[in-house]
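Each of the next two complexes has subunit A plus one more chain, namely subunit B in the first and subunit C in the second.
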Partner chain A sequence: MYEAIAFYLFSALTIGLFLITVMSKNVLYAMTSLAAGMVLISGFFFILGADFLGVVQLIVYVGAVMALYSFAMMFFDATRDIKEKNTPAALIFLLGGLSALVLVLIFAGPIHSDAIQALYPMHEGVGNAQDVGIVLFTKYLVPFEVAAVMLLVAMIAGIILAGKKMDQSLTKDTSVDDADEILKQKDAK
Partner chain B sequence: MIGLTDYLIVSAILFSIGLMGVLRRRNLLMLFFATEVMLNAVNVAFAAISHYYNDLTGQMFAFFIIAIAASEVAVGLGILIVLYKKHGSLDLDDLASMRG
Partner chain C sequence: MEVVSYRSVETFVQHIPEVTALGVWIKAIIILAVISAIAGFGTYVERKVLAFMQRRLGPMHVGPYGLLQIIADGIKLFTKEDIVPQNANKFIFMVAPVITAATAFIALAAVPVFPDFTIPEWIPVIGGTFVPSIAADLNIGILFVLGMMAAGLYGPLLAGMAQANKWGLIGAARTAVQFLSYEVVTGLSILAPIMIVGSLSFVDFNAAQAGGIANWLVWKQPVAFVLFLIAGFAETNRTPFDLLEHEAEVVSGYATEYSGMRWGMFFIGEYANMITISVIAAVVFLGGYSADGMGWLWIMLKIAFFFMLMLWVRAAWPHVRPDQLMWLCWKVLMPIAVINVVITGIVMMV
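For the complex of A and B:
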């Protein structure tokens, strides 16, 4: 009962928030609704019993990724509304609707669900985090290490790409430069 | 009772919203947001299948998707900053320098 209420509440809210993310013209609104939608997605994970995944979603997505985006927003002077020449809405709705239909048909269609067997079954009486840890550090050890190297490479790439010429202003606001000039002249006097 | 199909339909709807954003957006930062929406939708589907088939593989794939998404954001935002320094805009139409 409560599971159903939570499911419908979370799904309605996530769909609404992600629609705002996709449709909004303001970067701040889009980012805030994306962060809120991700919090609710972690709610889905908690309903589904994937506790560790939900916590990782909260820490990595809502914590780290959204913080990165908000820092990027500060670089890009994103308080203004974005003017973009969007693709015609009718075409987009047609394509999006068609792909949604195809996806629903794929998922809801008759699959050979009896043939699917649990490769790494969950254990009764063992917490989700322990279960995940055991599988992650035995069966998925090599992908885990590769993911670690990939994150290191991504970190170095981010530093190299973003770190050049960090002393210059990105937004080229001339009025601020003028103010600095005036201040310098006053100091000289 | 909520079954696997309900979760998969919600995930498909979220994925379509993200796909719609990818098709519609011209600003690169907004395009990144739309890809995040798509990745999250896929994660919901993985977690739901993992729960209903009592299998941990789905959650493992969701973890790796989260790791890939995090590194994608780090590299992508670095590239966006370089692009913004060079062109002063993040609009895809402004960035199209090769007229094909």
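For the complex of A and C:
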């Protein structure tokens, strides 16, 4: 009973919020609704009893990914609307049709739910985190390690990109040595 | 596949009284009411303690020893005009303080705040209801609380970005940098005790430290304890790390344009977060609560100690510079936390 109410409430809110994300011309609305939608998606995990994944959704998407988006948004004027470039109607028609088809297929999937079997079912009385951990470190060990290496590569690349001009000061003009020369340059101007 | 901890099952079986929906509702209302009141009372205690440490008297005029100052402040906050700046994004501006307060209280849902009790039978309607100590006893309580406090970042962030004010924007940028950085330290520092106990549930942490001061995790993990406290100060925006709204630099940071109860909600959220951090520190490191005898008093004293410590540090230390804050996080605390986790792992393996 509670689950059904929560599910339909969360569904309606998530769809509504993500619609705002797509439709809104205001960056701040788009970002806020995207973050709020992510929070509500973690609610679905909680309804399904996957507490651990729900919290991971919260920490990773809401706490980290969206926070980084919003950090990048500091460079925009968040209070103004954005002028959007209109794409050709034919392309929108094609892409929209394709997405609709994929969505119909996804939603039609549970009709054949009898044919679906859980390869790694949950153990009775064992916590979520333990179950996920066991599968992650046995069956999916190689993808897990590959993902770790990829993240390491991305981190090193990020450090190199950010560190290119680390030896130069941002506030001090290195071409001018002392205050006298600055004054001279000012006089020349 | 057999390497599995069944401890959470055992502790679950020990909960003899059944937790009903009504009990959880009552618990939620108690948390909301009491923590909001404590947040108000906390401002009074903070002013008094700071005053005594600086050889002043603090609030004295309203009521005996200034005790009614809380009520006066409350009336002032509720009756003040709710100003929304002209160029601000009005909806986001109005919603941001609610996010701060809401996430702070949602985090408290998974934390053991007060001991559990049964309401006496003679009370009509709700008599005989068992009120649990944790409103939502999740298996992954610690992660949930940390995740919810991470989501709390959006309050100051959106407030700063929506208010069309330079100080607000700088305050929001500082919020994002500080909270994101120190979440790493909080997570890593609490990972070592989690490895020792082998569970993410507060109930298991409590059970693992039962039986006297010698069993407290703080003796096994002193480094993690200190790291967690430092990161906790940063995440609750307390002095040495109160750069988000430091008056001398950014007026009031993300709260610059706020007035009345919307400003008050930021304040309540901040105090609720202080209590959450205190509870986590008390349960994870200082032995938590015991169900029998005076156990409820001890957990209260532990929480009060951490609250007091925050005020004490505020009176004793100046705040750091933003660059020092980042240096401390990434070059000192984070490496120490990682080394601590590695050493804990090695010790447990050997």
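By definition in this document, the second predicted complex is superposed on the first by the 127 of 189 C-alpha atoms of A that agree within 3 Å, B and C clash if a C-alpha of one lies under 4 Å from a C-alpha of the other, contacts with A are read in each partner's own complex, and residues count from 1 in each chain.
FYI, contacts are C-beta pairs under 8 Å (C-beta built on N, C-alpha and C of every residue); 3 or more make two chains touch, one makes a residue touch a chain.
Everything numeric here is computed off the predicted structure, so don't read it as measured data.
Engineer: Name the contact category of A:L151: first (subunit B only), second (subunit C only), both, or neither.
Structural biologist: In the superposition, A:L151 contacts subunit B only.
Engineer: See if subunit A has more residues touched by subunit B or by subunit C, and give me that chain.
Structural biologist: B
Engineer: So in the superposed three-chain picture, is A:Y29 touching just subunit B, just subunit C, both, or none of them (first/second/both/neither)?
Structural biologist: Only subunit C; A:Y29 stays clear of subunit B.
Engineer: Between subunit B (first) and subunit C (second), which does A:G63 come into contact with in this model arrangement: first, second, both, or neither?
Structural biologist: After superposing on A, A:G63 lies in contact with subunit C but is clear of subunit B.
Engineer: If we overlay the two complexes on their shared chain A, which of subunit B and subunit C does A:I92 touch? Say first, second, both or neither.
Structural biologist: First partner only, subunit B.
Engineer: In the superposed arrangement, which partner chain does A:S11 touch: subunit B (first), subunit C (second), both, or neither?
Structural biologist: A:S11 sits against subunit B, while subunit C stays out of touch.
Engineer: Applying the touch criterion given at the start, work out whether A:V132 contacts subunit B, subunit C, both or neither, answering first, second, both or neither.
Structural biologist: first
Engineer: Of all the subunit A residues, which ones make contact with subunit B and with subunit C?
Structural biologist: Of subunit A, residues 52, 56, 64, 68, 71, 73, 78 contact subunit B in one complex and subunit C in the other.
Engineer: For the complex, which residues does subunit C have touching subunit A?
Structural biologist: 1, 3-6, 8-9, 87-89, 91-92, 95, 138-140, 143-144, 146-148, 150-151, 153-154, 157-158, 161-162, 164, 169, 172-173, 176-177, 179-180, 183, 199-201
Engineer: Please give the residue numbers of subunit A that touch subunit B in the complex, ascending.
Structural biologist: Subunit A residues touching subunit B: 3-4, 7, 11, 14-15, 18-19, 21-22, 27, 30-31, 34, 37-38, 41, 44-45, 48-50, 52-53, 56-57, 60-61, 64-65, 68-69, 71-73, 75-76, 78, 82, 84-87, 89, 92-93, 95-97, 99-100, 103-104, 107-108, 116, 118-122, 131-132, 135-136, 139-140, 143, 147, 150-151, 153-155, 157-162, 164-165, 168, 170, 172.
Engineer: Taking the touch rule as given, give the residues of subunit A at its contact with subunit C in the complex, in rising order.
Structural biologist: Answer in residue numbers: 26, 28-29, 32, 35, 39, 51-52, 55-56, 58-59, 62-64, 67-68, 70-71, 73-74, 78-79, 123, 125-130, 134, 138.
Engineer: In the complex of these two chains, what residues of subunit B are touching subunit A?
Structural biologist: 1-2, 5-21, 23-27, 29-30, 32-34, 36-37, 40, 43-45, 47-48, 50-51, 53-57, 59-60, 62-64, 66-75, 77-82, 84-85, 88, 90-91, 93
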